[in-house]
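After this come two complexes, each holding chain A, first together with chain B and then together with chain C.
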Partner chain A sequence: MTVPVLSLDGILIAPVQTELSDEGWVRLREELLRKVGDRKASGAVLDLSGLELVDSYAGRVLVGIAQALSLRGAHTVIAGLHPDVAFTMVHLGMDLRGIETALDLEDAYVRLRRRRRQAGRGHG
Partner chain B sequence: MDEHRAIPVRAQADIVLARQIGRDIAKRLGFVGSDLTLIATAISEVARNIVEYAGSGEVIFTQAVQGARRGLTVIARDQGPGIADIERALQDGFTTGAGLGLGLPGTRRLMHDFELVSAPGAGTTITMTRWIR
Partner chain C sequence: MSLFRDAQRATLVSPDLDPSDLPRLQAFWKLSQKYDDRLQASIREISASVPGLAAIVDQIAPEQQEAERAESLRLQDAAINQGDWVPYLRRMHDLGTQYAQLGMSFSDWMSLAHGWLMAIVDIARDAYDQGDPAAMDAVQGANRFAGIAMAAIGESYLATKEEVIVRQQEAISELSTPVLQVADHLLVMPMVGGIDTHRARELTETMLHAIRDRRAHAVVIDVTGVPIVDSRVATHLLQAVEAGRLMGARVIVTGISAEIAMTMVSMGANLPGVPTAGDLQAGLELAQRYLADLPGGGPET
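Up next, the complex of A and B:
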């Protein structure tokens, strides 16, 4: 299962709609890193509303993606975590190293657009 | 209800399978809501450890009964290298960073009962139970 990475006005959107295999996560990370350059993106939304669970492995992968994207000048926002998933992640003691989160894709996108405008890139 | 299943775990795909089967069994036993996610996540954690540290092992599901209490017992067993410093392995810390990286303190928090038996060269067996509230 491959996650399509969409690009909307300098912001990448990755809708993760099913559980990803290890290879799937690697492919997603590679695609995001590549597209930051292709589209000169300043932000990326990882919409995780399709995930039934986020275990510590997935947490490490997400931290790695955000850090790598940051090295390429892009800010990551994770969105769409299911309430049970959010509760479990807290219970597990997962440390997402300060990755920004938003309730849903729209909220995340709006925040990244605002951030992009404030940085003087793009025009509204 | 006779819910006893053993799932061999040796590759990443088995982790996903084990947690899906575990979630299904938990649901049939009467668990609902966030309990299902807690259980599936705990299974994912121990199954991942089997794949990454032991190479292969198994995850066994059985119904837990204690008086009027009903629950699910998950046993994760392998013949891998074993854990030399169990105390350190169970020491609290962040799951995505320092420590032994086994995520055991976190996993223990997801379940009600948790027991770890391990020794270098003797493999590891984790027995954990969550009760229906």
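Up next, the complex of A and C:
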């Protein structure tokens, strides 16, 4: 299962509809890194609303994605985590404190747009 | 001696009787039949003298009481004299459930059972005085019979009471983890009472589902009404805050009293990185400032 990475006005959107294998997560990371350069993206939304489970490997990959994208000038937001998934992740002791979060894709996208606007004003 | 093949599903089995049990049970049966009127009068007296029982008996119409008594006797007969115990035990099982549902107290039920046995002993004593050779056997048979009946009634009585308690606990739980939506995207959870692991879990699950269902971006958990906030509770709160954050919500904890704050710090149980505020009001203001800063969180621009 390959996750399509879409680009909308300088923000990447990766809708994760089903569970990914370890390799699937790695491919997603590679695709995001590639596209962030191609599209000169300033942000990326990982929509995780299709996941019933986020295991510790996936958790580490997510943190790695956020760090790598940040090095390339893009801010990452994960969105759409289901209540039960969030609960389990915390009780398994997963540490995702380095990543910004949002309730859903729309919230995340709007937040990244505003962030870019503010950054733009700062440079203006 | 368990009368249930499978306690969970209450499948009734016939009691294990010794060789000496059957003649004694039959002696009891004969005696109780012979002195039926007297036995019924004694039972009526007991029911009238115990207030809890009188209230329950009054709820049943006399004709129905008579019909039920006749049915009970028929089943007792089948059990003792034909060895067909299951229908009688099933009836006792139903009686136990009924008693519990009607709110009969355990001590009232004991009064009834004890009173019945004492009435039989009285009757047997008189029978003995009149030269009845089976009087002693009848008393032993009554004891055995009472043991069997009370086991069946008791197990279902207790099982029903437990069910009632579980349902009440669930209702209390629902009342005790309220989620109030006080503004768009802002929830408040006023906690009252101790927070053990079970309740913390409920609190977190309720909060997370509410965040999604009501599209909350901020939650204020107020622990003013929580008497003890120790390191375990602090851990639970930390987990709730982080789980809320994973769903994009900012979780603020308010209401930690000065005393509790000092205790927590001395125990190393502070809440690192968790936004807190002195009281609920301050917490709400903090939340509203946070929401106003969010894109789309304040009034539409």
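Please note the rule applied: the second predicted complex is superposed on the first by the 119 of 124 C-alpha atoms of A that agree within 3 Å, B and C clash if a C-alpha of one lies under 4 Å from a C-alpha of the other, contacts with A are read in each partner's own complex, and residues count from 1 in each chain.
As a convention for this text, a contact is a pair of C-beta atoms (placed from the backbone, for glycine too) under 8 Å apart; a residue touches a chain by one contact, two chains touch by 3 or more.
Since we're looking at a predicted model, the values are computed, not measured.
Trainee: Once the two structures are overlaid on chain A, check if chain B and chain C clash or fit side by side.
Mentor: With chain A aligned, chain B clears chain C, so fit.
Trainee: By the touch definition at the top of the document, which applies to A:Ala79: first (chain B), second (chain C), both, or neither?
Mentor: After superposing on A, A:Ala79 lies in contact with chain C but is clear of chain B.
Trainee: Between chain B (first) and chain C (second), which does A:Leu96 come into contact with in this model arrangement: first, second, both, or neither?
Mentor: both
Trainee: Could you look at A:Phe87 and tell me whether it touches chain B, chain C, both or neither (first, second, both, neither)?
Mentor: Both: A:Phe87 reaches chain B and chain C.
Trainee: Is A:Leu53 contacted by the first partner chain B, the second partner chain C, both or neither?
Mentor: first
Trainee: In the overlaid three-chain picture, which partner chain does A:Lys35 touch, first (chain B) or second (chain C), both, or neither?
Mentor: Touch status of A:Lys35: no partner.
Trainee: One more residue to check, A:Arg113. First (chain B), second (chain C), both or neither?
Mentor: The answer is second: A:Arg113 touches chain C but not chain B.
Trainee: With both complexes overlaid on chain A, does A:Val63 touch chain B (first), chain C (second), both or neither?
Mentor: It touches chain B, and chain C stays clear.
Trainee: Could you look at A:Ser21 and tell me whether it touches chain B, chain C, both or neither (first, second, both, neither)?
Mentor: Only chain B is touched by A:Ser21; chain C is not.
Trainee: On the combined arrangement from the superposition, state the nearest Cα-Cα distance between chain B and chain C in Å.
Mentor: Minimum C-alpha separation, chain B to chain C, in the superposed model is 7 Å.
Trainee: Considering only the contact definition stated at the top, list the common interface residues of chain A for chain B and chain C.
Mentor: On chain A, the overlap between the chain B and chain C contacts is residues 82-84, 87, 91, 96-97.
Trainee: Contact residues on chain B for chain A in the complex?
Mentor: Listed in rising order, the residues of chain B that touch chain A are 12-13, 16, 19, 23, 33-34, 36-38, 40-41, 44-45, 48, 92-97, 103, 105-107, 109-110.
Trainee: Can you name the residues of chain A that touch chain C in the complex?
Mentor: Of all residues in chain A, those touching chain C are 78-79, 81-84, 86-87, 89-91, 96-97, 101-104, 107-108, 110-111, 113-114.
Trainee: Give the list of chain A residues in touch with chain B in this complex.
Mentor: 19, 21-22, 52-57, 59-60, 63, 82-85, 87-88, 91-97
Trainee: Mind listing the chain C positions that touch chain A in their complex?
Mentor: Residues of chain C touching chain A: 204-205, 208-209, 211-212, 215-217, 239, 242-249, 273, 294-296.
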